[in-house]
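Chains: A, B, C and D, in written order; residue numbering restarts at 1 for each.
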Amino acid sequence: MSLEYTSSEMMSVTAARALENGMTCFVGIGLPSEAANLARLTHAPDVVLIYESGTLQTKPDILPLSIGDGELCESALTTVAVPEMFRYWLQGGKVDVGFLGTAQIDRFANLNTTLIGDYKAPKVRLPGGGGAPEIATNAGEVFITLKHSKRAFVKDVDFVTTLGFGRDGKGRDNVPNIGKGPTRVITDLCVMKPDPGSKELVVVSLHPGVSREEVIEATGWEVRFAEQLESTPEPSANELEILRELKARTERAHADA
Amino acid sequence: MSEFLSLHDAVARYVQDGATVAMEGFTHLIPFAAGHEVIRQKKRDLTLIRMTPDIIYDQMIGAGCAKKVIFSWGGNPGVGSLHRLRDAVEKGWPCKIEILEHSHAAMACAFEAGAAGLPLAVFRGYIGSELPSVNDQIKFIECPFTGERLAAVPSVRPDVSIIHAQRADRQGNVLVEGIVGVQKEAVLAAKHSIVTVEEIVDDLGATPNACVIPSWAISAIAVAEKGALPSYTHGYYGRSNRFYKEWDAIARDRDTFTQWLDNNVFNAADNVGGQA
Amino acid sequence: MSEFLSLHDAVARYVQDGATVAMEGFTHLIPFAAGHEVIRQKKRDLTLIRMTPDIIYDQMIGAGCAKKVIFSWGGNPGVGSLHRLRDAVEKGWPCKIEILEHSHAAMACAFEAGAAGLPLAVFRGYIGSELPSVNDQIKFIECPFTGERLAAVPSVRPDVSIIHAQRADRQGNVLVEGIVGVQKEAVLAAKHSIVTVEEIVDDLGATPNACVIPSWAISAIAVAEKGALPSYTHGYYGRSNRFYKEWDAIARDRDTFTQWLDNNVFNAADNVGGQA
Amino acid sequence: MSLEYTSSEMMSVTAARALENGMTCFVGIGLPSEAANLARLTHAPDVVLIYESGTLQTKPDILPLSIGDGELCESALTTVAVPEMFRYWLQGGKVDVGFLGTAQIDRFANLNTTLIGDYKAPKVRLPGGGGAPEIATNAGEVFITLKHSKRAFVKDVDFVTTLGFGRDGKGRDNVPNIGKGPTRVITDLCVMKPDPGSKELVVVSLHPGVSREEVIEATGWEVRFAEQLESTPEPSANELEILRELKARTERAHADA
């Protein structure tokens, strides 16, 4: 009884399922926001969503376009100043999981959102760090979600904006007061987790219908697969329905405004 | 005590060529009307500070106001790149600009430290990031109690900060409500400050712990109705997500941008954000 | 998520002998009912942290709960001395206590730093004061940008913080309104926290930027009606200035104090502040 | 046309007159609070009163017993958290004048509110520093008001809780980002100001009917008098009336509560 769904939907649903009910989640805009709100609207009604704009425990009815849309404030438990958000709530250790997207990710889950090429003469200038550098180190753990491609999944990022496990996989060793770092990467093809020893990202689960070759082809390093490679469970009809409604509501609202 | 001025006079008096300027508003309450006034008055060589440059600095950079930008996330939120910022950084149009980039946590703490009159902010940050290798303003100190290595950045202390707020009372006290970002910090950290407001009222209607900035902490107040558009003002009007999306096409090309600027800023009759 | 407990059970579970405890409330919202419960449960060897020990710690010290007090102003506000604190410091009754004293600015910054998860607070303080000569927890650091010498103190990170607030909703979110002091910071800085409230309501009735502490940042909530008396709760009841004045005579003498404690705390039927 | 008034009233009125309209004043409890509110109710309606409890621009109708009475919050423009008060408003340089009382003061205007005797074995344990140590250094200048007595005005304080000009008068020399320090001390006998060179407190004005001998008798060091010694202007009928009404209102309110 296979449902029709896209690889993007597979990614969103899988990312959403990573969040457990009751977790406090510092949410990045875009894919993480979509996944986090899907989680809240399905299996995790009490997941606490926090956006860097200062909105605490927010329950938007539509997905925000920006990190500070009015909807986030209006549906929040309360809204605090941005310094307080970063100091008390993130650095203060109140965030279980930081949910991030990225432009580039490497085999040690380091993230690059700064630039492609050389810093002094960039080929492509990206937006920059934003909240990510400290979300990645101050949150209890980090989930990352992005589309799988050779351009995005590189052996070594051009610039470490945000620490995964460092260029040698040892970037968190012996650092006091630091979170566990990336514990899973959810793409449109698979789920990856860091190897417990080397911290290199390893494919632990393939999405239904995706072959190893597709993942190898879309990854910029010689990617390894877990011995016990799993098959990611399919989205349920309910999850797909809620996701589609959420996206349709969002599209209508953004077109109107 | 704050003084009620026209937006023209406030910008003319407090924004000098070469000044360090923070125009804050975290997605919400971005002072677009003031930004356009800065463009109209052809201010030059500004050092622009903002956590998220957003469209407002894209416009000011494209108009040639900036020589340096200090920021932590330089995109069009939810849409993509800031093409004018990129064109200036990558190709030097209309003039070369220098950038100094931080993380949000660093800048938020730097604004806090500026408001607190301190020379530096100390926080747990930049661990494992390569940003310190390209920003010589990021240093590290050792905690004298625990030995922990913590990040330190200079506080933000602009010559002038400009924010937009819901309303002022007739004494010049200002209420900011909703996503308050680092706006209060920006005002308190600056030598001078301009606050644009939607309206002036008899009574702010503030609750006991509301974010109210007293008159004596502000230099000038100017009425700018819809002064945050295409950003928004909680309780007054919503964000024009549509304009943010349209901006991508406008800003992608130097000519369409210049045309837009002529039509909506230089030849605009009013102070409003100017989204066609 | 916070848990709704009786005040008895909350104190029994979270306040252990030997613990470091911060019971905050800056003049306003002082958690007297909780203080009395701590006395009734005969907790011992507590390190008590409070900017202003006020009557609440005078009572707890006189009852023998404390081995150390960390504070910045130890008087009966507007009245005079805290006689039980003085008797303990000067004469060791009912037991010797150690004191560690700061300035308000230092403690306020130390609470802020505790909430912010930092090991230290940095501020411009203690210049020319001799407090650093009697408090080895005050150090100085040099700003790496300006060379300025700034004070540093360890952050406050209590085992348990206890505050009083106006109300909680049924999910356990708490509204604090009026003089908010360092209450939120105390809760966020602590390993565990107890919040006593006047009442539990369906809807907090909070404005967008109100001081609301989310349920998931609190360990336990206990209803304690009039739980701040003789201090006060903004919007509920006023401060009993009269009791603060009467306390001077009660606390001046060991016998009258012991008698008061028996009548109003040990043999009191309710959890209320107990001002006769 | 001499009015009847007490030396306490003379002190309060003189202290009140020190505040100029429009000044921002960080107010200590007790005598400073009485003087600051009298100023607000007479010649300085726009004086901005700030109390360390976080109450900004407050206009109490009765004098608070504590630094955080409900009256202060209810009549304030807004009330901020105490860390913000000390960080943004005081340390941030928004306070023109800090108005302090004290238990002991020495010839260099250093204040002692910590203890009499030795720190390890105090004869009298006083309340401690409170806000004073940083008010005295972060405010633009400092006014001090207290009753004149040999016990209070000592050559050297037992403990420098709060910096005046240091034990040698040079405590503020070459210190960056520090206020001017005490610029006047108002007592029930006279007004003193620091000598511009040595910073030693010098009597600049005697209250009506007070002799030099009385001041000498009540001062614990060989007090000097300014060459141009002035006579403090008398309270006006209006000032006395408003002060008495304020105190009567206050007494009634505190007796009721």
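The rule is short, and it goes like this: a residue touches a chain if its C-beta (ideal position, glycine included) is under 8 Å from a C-beta of that chain, and two chains touch if they have at least 3 such contacts.
Just so we're clear, the structure is a prediction, and the values are computed from it rather than from any experiment.
Counting only chains that touch, the fewest steps needed to get from subunit A to subunit D is 2. When the C-beta contacts at B-D and at C-D are tallied, the pair with the greater total is C-D.
Between the CA-based centres of subunit A and subunit C the separation comes to 40 Å, rounded to the whole angstrom. Subunit B has its Cα centroid 28 Å from the Cα centroid of subunit A. Counting partners per residue, subunit D has 73-74, 79-80, 87, 91, 138, 177 as the residues that reach two or more other chains.
For subunit B, residues that reach two or more other chains under the stated contact definition are 112, 116-118, 123-124, 146, 148, 178, 180, 184-185, 208-211, 234.
Chain contacts here follow an irregular pattern that is not a line, a ring, a star or a complete set. The set of touching chain pairs reads A-B, A-C, B-C, B-D, C-D, using the touch definition from the header. On the subunit C side of its complex with subunit D, the touching residues are 26-28, 51-52, 71-75, 77-79, 81-82, 85-86, 89-90, 101-105, 108-109, 111-112, 123-131, 134, 146, 148, 178-182, 184-185, 211, 232, 234, 238-242, 244-245.
Residues 116-120, 122-124, 137, 139, 141, 143-146, 148, 150, 152, 154, 177-178, 180, 207-211, 234 of subunit B are the ones that touch subunit C when the two sit in their complex.
Those residues of subunit D that touch subunit C in the complex are listed here as 29-30, 52-55, 64-70, 72-74, 79-83, 85-87, 90-91, 110, 114, 119, 122, 125-134, 137-138, 159-163, 166, 171-172, 175-178, 254-255, 257.
By the touch criterion given at the top, residues 22, 24, 46, 48, 56-57, 73-74, 76-80, 87-88, 91-94, 138, 177 of subunit D touch subunit B in their complex.
If you check the complex, the residues on subunit C that touch subunit A are 1, 112, 115-118, 173, 184-185, 188-189, 206, 208-212, 214, 216-217.
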